[in-house]
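In what comes next, chain A is part of two complexes: it sits with chain B in the first one and with chain C in the second one.
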Partner chain A sequence: MNAFDYRSPRSLDEALAVLGEYGEDARVVAGGTALVTMMRQRLVQPSCLVSLRAVQGLDRIETDNGGLRLGALATHREAETSPLVRERIPVLAETFRRVATVRIRHMATVGGALAHADPNQDPPVTLLALGARVEIRGAQGSRELPLAEFFRDYYETALEPGELVTAIRVAPPPPASGAAFLKFLPRTADDYATVAAAAIVILEPDGVRCREARIALGSVGVTPLRARSAEALLAGEGLSENLLRAAGEAAKTAVDPLSDHRGSAAYKREMTAVMVGRALTQAWEAARRAAGTR
Partner chain B sequence: MTFTQECTIPVARERLWDFMMEVPRVARCVPGVEAVEALEGGTYRGHFKIQIGPIRLALDGTIVVEAQDRDAWTARMRAEANDRRLGGGIRARLGLTLASAEGGTHVKIETDLAILGKIGEFGQPVIKKKADALLTEFARNLQSAVAV
Partner chain C sequence: MIRLTVNGTAHELEVPSYRTLLDCLRYDLGLTGSKEGCGVGVCGACTVLLDGKMISSCIALAAFADSREVTTVEGLAQDERLHPVQQAFVDAGGFQCGICTPGQVVSAKALLDANPNPSDAEIREWMVGNLCRCTGYYKIIESIRVAAERSRA
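After this line comes the complex of A and B, so read on.
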């Protein structure tokens, strides 16, 4: 590892000032699960590390207009075990529970994972399906972006130099809806997914047909992504084998996987269809339970 | 790794050729390129910043124009650049061909790229995707620069 300055600001304003002082050579560190590994591999050699550990007030998980607001410094483990998250948006707690190992979940932060923008991560997939929004702070002030506009490229986000993720805001799923997060792990339980899929199905008042579906996918492109053409097929329809197959086929056209040791691009594309079908089935069943039509 | 990229610029071939053979001017159309200066003998020195995955590279290096043939509308260049901090670098051979096409000029860029050090550990598909994104932006910049 290279020699670097280490700064530990006590407030957000102080953190932003330090980032301004060091410019692009500074890297922000929270849990360190991603950045420290890259530093040890000498992939990243910042001249200054700005630790957010001592910054107060950024780790709260709280209600927010009926939805939830997760502070950027909340850990994955806190999101997983939070009674609020479990009660209001159980699929989100379940997604955080599935990340890596409990040791990593105790360190990795909600905001850090977003800023890292590794397309293999799990929480962004579910958050994308939930239509979450990212809160960003910079020296110029605050702004908020839909998560779909936040991820730009492989490990690249809409964050400008000197900006930080401060929170993620998630609206509650509507009534008569169901959600599921699934990942295909052919190797080990703590590995990155070969394909990850999150689905949300919102039912019509009849409690049977789909009013709206949202499908998000991870590990099958340079960013997590929505399978919008597949979503469009589902509106107004009832659950059937043919429909699931068609949605899976449509989802394959949305992905552009990279070949690696977790599978070839062609294999991942095929598995996308399978995982979308399974996630939709589970979400649909959960929605029918919520609507009382099952 | 070798790859071929193509784009069409809505400018006549002669005009585009003359623009592209002036390296400092065309280099400014490449996203991330800073401060290109001419040395002697068709050699240019420049600074190039690019992000590949989590790695931000700051490359210092040279471009040598090895051959240019205005009758065949082809040129060959060689680029070498290093990132001193990360201890890696790139070596590239570039072949450029301009062909008249409907509504402008068809540009073909053939690249033979070698990546040294840590950056090379990133897979070829990632680097190819990045190169494609770079070309798209380059083509757009080139188009507006030539139009002026």
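After this line comes the complex of A and C, so read on.
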């Protein structure tokens, strides 16, 4: 690793001032699992690390207008085990539980994972399906972006130089809905997914047909992505094998996977259809349980 | 300058910014129990507890431990008596070559601190990130089961 200045400000304002001072040569660090690893591999060589670890209050998980607000410095383990997250948005707690190992989840933070913007990560997939919004702070003040507009490319986000992620806000899915997150792991339990899929199914008042479906996918493109053409097929329909097959086929057109040691591009594309079908089935069944029609 | 407490002893150290916590423990403090295996947080050989929570010390900066408490494998035995988890690994054959053992033992201690009565499924889920190339894992799981049973007795 190269030498760098290490700054550990006590407040957000101070952190933003240091970021302003160093410009694009500074990197923000929270848990460090991604950044320190990349620095050890000399993939990034910042001249200054601005640690957010001593900034008070950034790690809170709290209710927020009926939804939840997860502070950027909350760890994956805290998000996974938080009674609030488990009770209000169980699919989100379950998604955090599927990340790497307990040891890494003790370190990696909610906000750090977003800013890192690796399309192989799990939480962004579920957060995208949930329609989460990212809270951003810069020297000019705060702004909020839908997560769908936050990810731009591999390791690239909408964050401007001098800005940082302070929280993610998530509205719970409406009543009579169900959600599922599935991770296809042909190698080891702590690996990145070959394909990850999150699905949310919101039912019509009849408690049977789908009013709205949201499908998000990870590890099959340069960012996590929504399979909107597949979603469009589901509105107004009842669950059937044919519908699931059609949705899976449509999802395949939304992805652009790379061949790597987790599978060939063609294999990932095929598995996208399979995982979308399974995630929809689980979400639909959960929705029918919630609606009392099953 | 960082101040940290390691296995109950307070230290003040001048370390370069790029010092990992693992290198700080091994080279600045001479605590060579924690090992570097993969160097990217995957294998678990460098597992230590930071304020009681297990982490990968190879991808933590020493600066992350400023004003905090670190527990390494050297901190488990008390007064020359092995920690119950260590004794169980000896009795149940939970290691062969030993390179992964400090990480296994520290992780297992953290598990039993958090959950004194884990199911086999809970042991497996917790220990998933501690790789061993010798034992095939069965005896590690057995060792943790034995340690848990003895702690309850």
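Operating definition for what follows: the second predicted complex is superposed on the first by the 294 of 294 C-alpha atoms of A that agree within 3 Å, B and C clash if a C-alpha of one lies under 4 Å from a C-alpha of the other, contacts with A are read in each partner's own complex, and residues count from 1 in each chain.
Quick note on the criterion: contacts are C-beta pairs under 8 Å (C-beta built on N, C-alpha and C of every residue); 3 or more make two chains touch, one makes a residue touch a chain.
Since the structure is predicted, the reported quantities are computational estimates derived from the model, not experimental observations.
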After lining both complexes up on chain A, report clash or fit for chain B versus chain C. fit
Which partner, chain B or chain C, touches the larger number of chain A residues? C
Where does A:Leu84 make contact in the superposed view: on chain B (first), on chain C (second), on both, or on neither? neither
Of the partners chain B and chain C, which touch A:Leu185 in the superposed model: first, second, both, neither? neither
Pick one for A:Val274: touches chain B only (first), chain C only (second), both, or neither. neither
Can A:Ala17 be said to touch chain B (first), chain C (second), both, or neither? neither
State whether A:Leu145 touches chain B only (first), chain C only (second), both chains, or neither. neither
State the minimum pairwise Cα distance, in Å, between chain B and chain C in the overlaid complexes. 16
State which residues of chain A lie in both footprints, the one left by chain B and the one left by chain C. 2, 41
Over in the complex, which chain A residues touch chain B? Could you list them? 2, 24, 34, 38, 41-45, 116, 118, 153-156, 222, 258-260, 265
The answer for chain A against chain C in the complex is residues 1-6, 8, 29, 32-33, 36-37, 39-41, 49, 51, 53, 77, 100-104, 106-107, 188-190
Residue ranges of chain C in contact with chain A within the complex: 16-18, 20, 39-42, 44, 47, 50, 53-56, 59-61, 63-64, 66, 107, 125-126, 128-129
Under the stated contact criterion, what part of chain B meets chain A in this complex? 51-56, 85-87, 118, 123, 125-126, 129-130, 133
